[in-house]
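Provided herewith is a single structure, encoded as structure tokens, for subsequent inquiry.
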Amino acid sequence: MSEEPSKLLLAESRLSSTLADRLTGYWRKAAESPTQKYLVGLLVVLVATLPLYSNNYVIEVGSNILFYIVLCLGLNITIGYCGLFNLGNAAFFAFGAYTTGILCTMGVNFWLTIPVAILVSILVACIIGIPCLNLRNDYLAIVTLGFGEITRLLARNLTITGGPSGLVGIPRPSLFGYKLRTVTDFYFAFLILVIIGVVVSYRIHDSKFGRALECIREDEDAAEAMGIETLKHKLLSFILGSIFAGVGGCFFAVKMASVSPESFMFTQSTNVLMAIVLGGLGKIPGVLIGATLLVLFPEIFRGIGSWRMLSFGVVLVLLMVFRPQGLWPDKYK
Amino acid sequence: MGWRTIILQQIVNGLILGSFYSLVALGYSMVYGIIKLLNFAHGDVYMFGAFIGYVILGLVSGILGNGWAGVLVAMVCSMSIVGVFGVVIQRLAYRPLYSASRLCILISAVGVSLILSNSVMVATNGDYIGVKTAFTNAGIDLLGIHVTFVQMLMVSFTAALMVVLSSFISRSMVGKAMRAIALDHDTCRLMGINVYKIIAVTFFVGSALAAAAGMMAGIYYGQIHYFMGFLIGLKAFTAAVIGGIGSIPGAMIGGLILGMLEAAGTQFPHVGSAYKDVFSFAILILILIFKPTGLFGKSEIERM
Amino acid sequence: MALLEVKDLTMRFGGVTAVNQLSFAVESDSITSLIGPNGAGKTSAFNCLTGFYRPSAGDILFKGRSLMGIAPHLITKRGIARTFQNVRLFKKMTVLENVMSGMHCRVASGVLGAILRPPGQRRDERKIRDTAMDCLAFMGIQDKRDRVAKNLPYGIQRRVELARALASQPQLLLLDEPAAGLNHDEKNQLIDLIDQIRRAYGITVFLIEHNMELVMRISEKIVVLDYGKKIAEGNPEEIKTNPAVIEAYLGKEED
């Protein structure tokens, strides 16, 4: 695409999107045909059997991708569907991880900590959401950002969370006597979470509730005028995002067998944000692609090191100016 | 006896902190007033100003030394360069998105923030850089506390900048245009005001002020770091909210109030320095719940 | 008992009184218009009726119950729907999705229903879809149902907005300048449409409008506002010849 200065002035990036869509048009056509079912089926089989034909390194990367998909699906409900700019997602993730970490080191069965973590996630989402969800998106962004930071500071300074070094030696969970230990075990655990997450996301999307979220994103006042109770729906989308992140945090804690405040820095929130923006906000295939690229990018460009966040920033700005809908094309034109 | 010195010392601390917060908060308020965007990257502009100032100080200290002369030149240069930089950022990352959805421009701002902070991180390898000046702790002893000349100069410089800004806003054509645009974009366009140019000027002024604050902070605390903009961004936002976002006198007073509150907060037994950030954040949440328009802000009733 | 009763409605913004002790009634099954020069307070009155503004004083009774302090989404649930002066569709959603949103308050399923998909929820979804398709068919735009709203021509967007309002199954339909931006043919179609809505659904229509021809042809009763106060009320013939109305629009005649 030519870079004449006049193109920069286009607020609607129609030209670039049609070009990119011609390239991705193949995907769109495939979506309507039976070929799609075979392709997707093949993909699912490949993903489900990955541990059978790969070494531990690949499985670990795959596990990481699946974990990020869980976080991204959650944030997608909040930002992608409902349009709420939550920049403190890392905080919800932290609460889930620390809840499991603290309870497990006290001897509680891992599987029991999950419902507790869910309750904690709901509570935290309400605490920050109820006062702040009525604010403009700009305010919400900074408030959630601040909340994320405060959570990290609290985690670093409180003794119950193990201070700056965090919690270590979190016992591994067992399922009907089988102990989840290996990379492969956790790969499948996250795969199950992803499957649940994808199903839930699709179901939400194709329902009255999901449409209500999107109406709120498009025009909050018109949504209210159509009988949608906006505060309740915003809070619910916030809570859903929190639950996804919290449950992801639980499994993260036992997979790493430790939790430290450094896993919840602001970069964690921006990573997830970048992934869903790159893939395409509000589109589930987009979220999957975005999360995959997020994890693969530093693996492929090994030397990138400290340039990673810088390039993420560049990608975000370029995306917004030239292709705000992300990589995955919009369904209807 | 002890109480009095503590209070006086905290007042001085509060003034210093307040100066930083006010200068950065001004940029937030001005930009929000004119395009209804909370410029997420503003804190990083502050950081950028500190670094540019440091670099220029290094360049001129060979000729002018790193005392008053060198610092003054570096300050003026830093403010101008970063001001222009702010205009460029606005042109590339924000202006194409004025007619897009609000979320787009917010995400772009996050991207700009990442670019600014991480390019400095790459350049400095993430190290804390020491800033050396010829300034000493020389000062006067007043009522039992020691007030340095540097502190007095910083506060007066900030006050001077604000006086200049106020008269600029209220007297000059550009200033008047800024206020008009804040009230009604479309009518201004019809009146022939070049809205884009005025927005650019707003970004210039806001960024220059933030750069001034950044450079002062670098000199005062003696070191700069690529992540220093993050926290100050949050605090300055809090200050802007306290004063009423969009209001320029509000930003000035809000900064002062927050500085004082924070200085006072460090003296509470459970808060201490570790939790002073939590303390500021708690203030933000309380204000947003109970008085979101702040002291001077207008309550927005959207016309339907 | 009138369907809608407005009693001494007052709306103050700081120093400006947008609506000043406005009182009138709208009878069931009627078509009533609210007119007045620009800035007379018409849209402010609408916003009070739909709960977006909290009136400074006065009362609004709908079907005998007060609407004061009721949230907008609950007012819609009680049976008042509206369209907007500047068409406010959900831009990135399809026409069908836009109209389906109107049914939101008529169906009970929520987030758990969405996730777990019990049979009741699936029935509700079918009901939403069917009602939306009916409204689209009534407006004659069912072939546009999968088009994205922001790409449609203005006239079609207006129809979608009307269909969306109809989908919420209101008893009172508030139309805010429905003829704005329409050409002559479209205006005639609009007049027929409003009449059809009243006959087919038994909906009471209350509209704000500047286009005098439309107002005179379609209204049974007209309420005239100027500077927030009611200056006249009556049928089109009475209003046409009312000196206060003429003065408000054209200014005082020089003697």
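Order of writing sets the labels: A, B and C. Residues in every chain begin at 1.
The definition used in the following text is that a contact is a pair of C-beta atoms (placed from the backbone, for glycine too) under 8 Å apart; a residue touches a chain by one contact, two chains touch by 3 or more.
Everything quoted here is computed from the prediction, not taken from an experiment.
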{"item": "Chain whose Cα mean lies nearest the overall Cα mean", "value": "A"}
{"item": "Chain of greatest Cα-centre distance to chain B", "value": "C"}
{"item": "Between chain A and chain C, centroid-to-centroid distance (C-alpha), Å", "value": "40"}
{"item": "Geometric centre distance via CA averages, chain B-chain A, whole Å", "value": "32"}
{"item": "Inter-chain centre distance, chain B versus chain C - centres from mean C-alpha coordinates, in Å", "value": "47"}
{"item": "Contacts with 2+ other chains: residues of chain B", "value": "304"}
{"item": "Multi-chain contact residues (two or more partners), chain C", "value": "52, 84"}
{"item": "Two or more partner chains touched - positions in chain A", "value": "221"}
{"item": "Complex interface listing, chain A residues touching chain B", "value": "8-12, 79, 83, 85, 87, 131-132, 135, 137-139, 141-143, 145-147, 149-150, 153-154, 157, 221, 266, 270, 273, 277, 281, 306-307, 309-310, 312-317, 319-321, 324"}
{"item": "Contact footprint of chain A on chain B as seen in their complex", "value": "32, 36-38, 40, 92-93, 95-108, 110-119, 121-122, 125-126, 230-231, 233-234, 237, 241, 274-275, 277-278, 281, 284-285, 288-289, 292, 302, 304"}
{"item": "Complex contacts: residues of chain A adjacent to chain C", "value": "200, 203-204, 207-212, 214-215, 218-219, 221-230, 236, 240, 330, 332-333"}
{"item": "Chain C residues within the chain A interface of the complex", "value": "50, 52, 71-73, 76-77, 81-82, 84, 88-94, 97, 100-107, 109-111, 113-115, 117, 121, 124-125, 128, 146-148, 151, 164, 168"}
